[in-house]
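I am attaching a structure below and will ask some questions about it afterwards.
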């Protein structure tokens, strides 16, 4: 009992440290990439290539004044960013970031909590993240904030349906809600050559899921909650210092978690195709698994960043129209096609 | 006390305290927050009973969808934390108090007199029953008609919601 | 079984703790130089007009209601999808009758214009 909790504690601390570092450097990556796309230089003064910029940013935020507007609801104003960040970090608990590793003669599963409702856990927590944004907007008592948070809640709620429906296809193929099972199922090969990743098995579901995941993380082209030209900063207009920092952290943590989920559900998770054809030691295999996972997540993350700086923003009615009139029927269609094909193959 | 008992009493206390906070807050938004907190304690309690599917649905549907709508409605009506909501004591409140007391008596009766040895031990089947797999098998073999009936019910609710808000679209 | 969930509780605890520490740090280390203007809500540099918490479009409420209803539909799909292979053709027919009834509601909603934003 105590031992399992201790192992879990160590895993959590390592994962959180890696996750937070990754968050800091994805901010840096985003700034450098956007600079490159817009023919600028980006942060390059602090440390070599500006690599210490994230640290400078955090230090700056810590020493900023924490302002809560007079009309705001102080307790809720404080609570909102805590919810946002907690939810983003906690979602990572069920994502397998490797197979197993044998350390000090003990086999450790590379997943924080190996529960048999992993997929539902992810969906449940992504539905909770609405509270952070809705409360931030409402408690600020600012018109821009409230508008932003309302839009955002309606948007997240709408795309959550497509998200859930798209996942149903994956579960039908896998026959389990365990995420390690989902990854295991993708270690096979289609026609003996192509890795049986779910993005090849069900392309419609994959596209639906990726688009919905973008909308869930409030990223461009779905970043209407903070659409700067019309809503100033959206739901975090009235946030300063580290409280703003918490929202910022939460946004990037959400992005990383979303990339990890996409990787796990559709891109084969920690499995490197064709590696099992070569004879490697189990230890090396575990390390290759972790590295594969990290590389895949990074690539998805970079894709998300590049999309943000190349695609213009939707109009709100277009956004809701896309969510309900295109994504929702498409996800249903995916379930139908998947079911039909699987039944025919049986 | 074993670790699990300590855990249970912690969760039970948390559920009761958060439930009390729900009904004593003046600001309805705060009540919503505490109700969501209460749901989380309930979820953990469901997990101690090995009911995994119910537990996760409690978060997915209740906390993630129904309470979001509650919050929307409270924001939509802009109730604020006005006292006027609680000023008058009407007959409805007496009925509510009466019903609550009756419920409390029931619970006390069950805990005090109705408890048998059977209720104290968990049946071996419980582990199975709580899983999504088991529920799915039961639902789609023995409860086919109720499922289709639920579908009709949901459609009725969709139509009802649209009719209620219809003036806006015409 | 429950034991597999303890790490999640632990993770939630640590995540909350981390967020709260960050929250407190900002009030602890930041300067406090209150001025009257600083504590008014931002409204493009103007004096704020009225309260922000005004009534808003019933559309948002509609989306909320429709979301709940379709979310419940979604919840029934998971127990089905997990048992997809065992249930076979029979399950597929059952679930598609279920979904077809839902689709009627969805088409009604579409035709009634509940999905339009103006």
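Which chain is which? They are A, B and C, in the order written, and residues in each are numbered from 1.
The working rule: a residue touches a chain if its C-beta (ideal position, glycine included) is under 8 Å from a C-beta of that chain, and two chains touch if they have at least 3 such contacts.
Because the structure is predicted, anything quoted here is derived from the model rather than measured.
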Maximum centroid distance from chain A, chain identifier (CA atoms): B
Closest chain to the centre of mass proxy, which here is the mean CA position: C
Chain centre separation (chain A, chain C; CA means) in Å: 15
Chain A and chain B, separation of their C-alpha mean positions in angstrom: 29
Overlap residues in chain B, where contacts from two or more other chains coincide: 52-53, 57, 60, 64-65, 68, 72, 75, 132
For chain C, residues contacting two or more additional chains: 5, 53, 56, 59-60, 64, 67, 71, 78, 81-83, 95, 99, 106, 116
Contacts with two or more other chains, residues of chain A listed in rising order: 1, 115-116, 120-121, 138, 146, 150, 153, 157, 160, 177
Interface residues, chain C side, partner chain B - complex: 1-2, 5, 9, 53-62, 64-69, 71-73, 75-76, 78-83, 86-87, 90-91, 94-95, 97-99, 101-102, 104-106, 108-109, 112-114, 116
For the chain A and chain B complex, residues of the former touching the latter: 1, 73, 75-76, 79, 115-117, 120-121, 123-125, 127-128, 130-131, 134-135, 138, 146, 150, 153, 157, 160, 177
Touch list for chain C against partner chain A, complex: 3-8, 10-12, 14-16, 18-20, 22-23, 25-27, 29-33, 38-44, 48, 51-53, 56, 59-60, 63-64, 67, 70-71, 74, 77-78, 81-85, 88-89, 92, 95-96, 99, 103, 106, 110, 115-118
Sites on chain A touched by chain C in the complex: 1, 4-5, 8-9, 11-13, 16, 61-72, 78, 81-82, 85-86, 89-90, 92-94, 112-116, 119-121, 138, 140-146, 150, 153-154, 157-158, 160-161, 164-165, 168-169, 171-172, 175-177, 232, 237-238, 241-243, 245-246, 249, 316-317, 320-321, 324-325, 328, 332, 335-336, 339-340, 342-343, 346
Of all residues in chain B, those that touch chain C in their complex: 4, 44, 47-48, 50, 52-53, 57, 60-61, 64-66, 68-69, 72-73, 75-78, 80, 127, 132-133, 135-137, 139-141, 144, 147-148, 150-152, 154-155, 157-159, 161-162, 165-166, 168-169
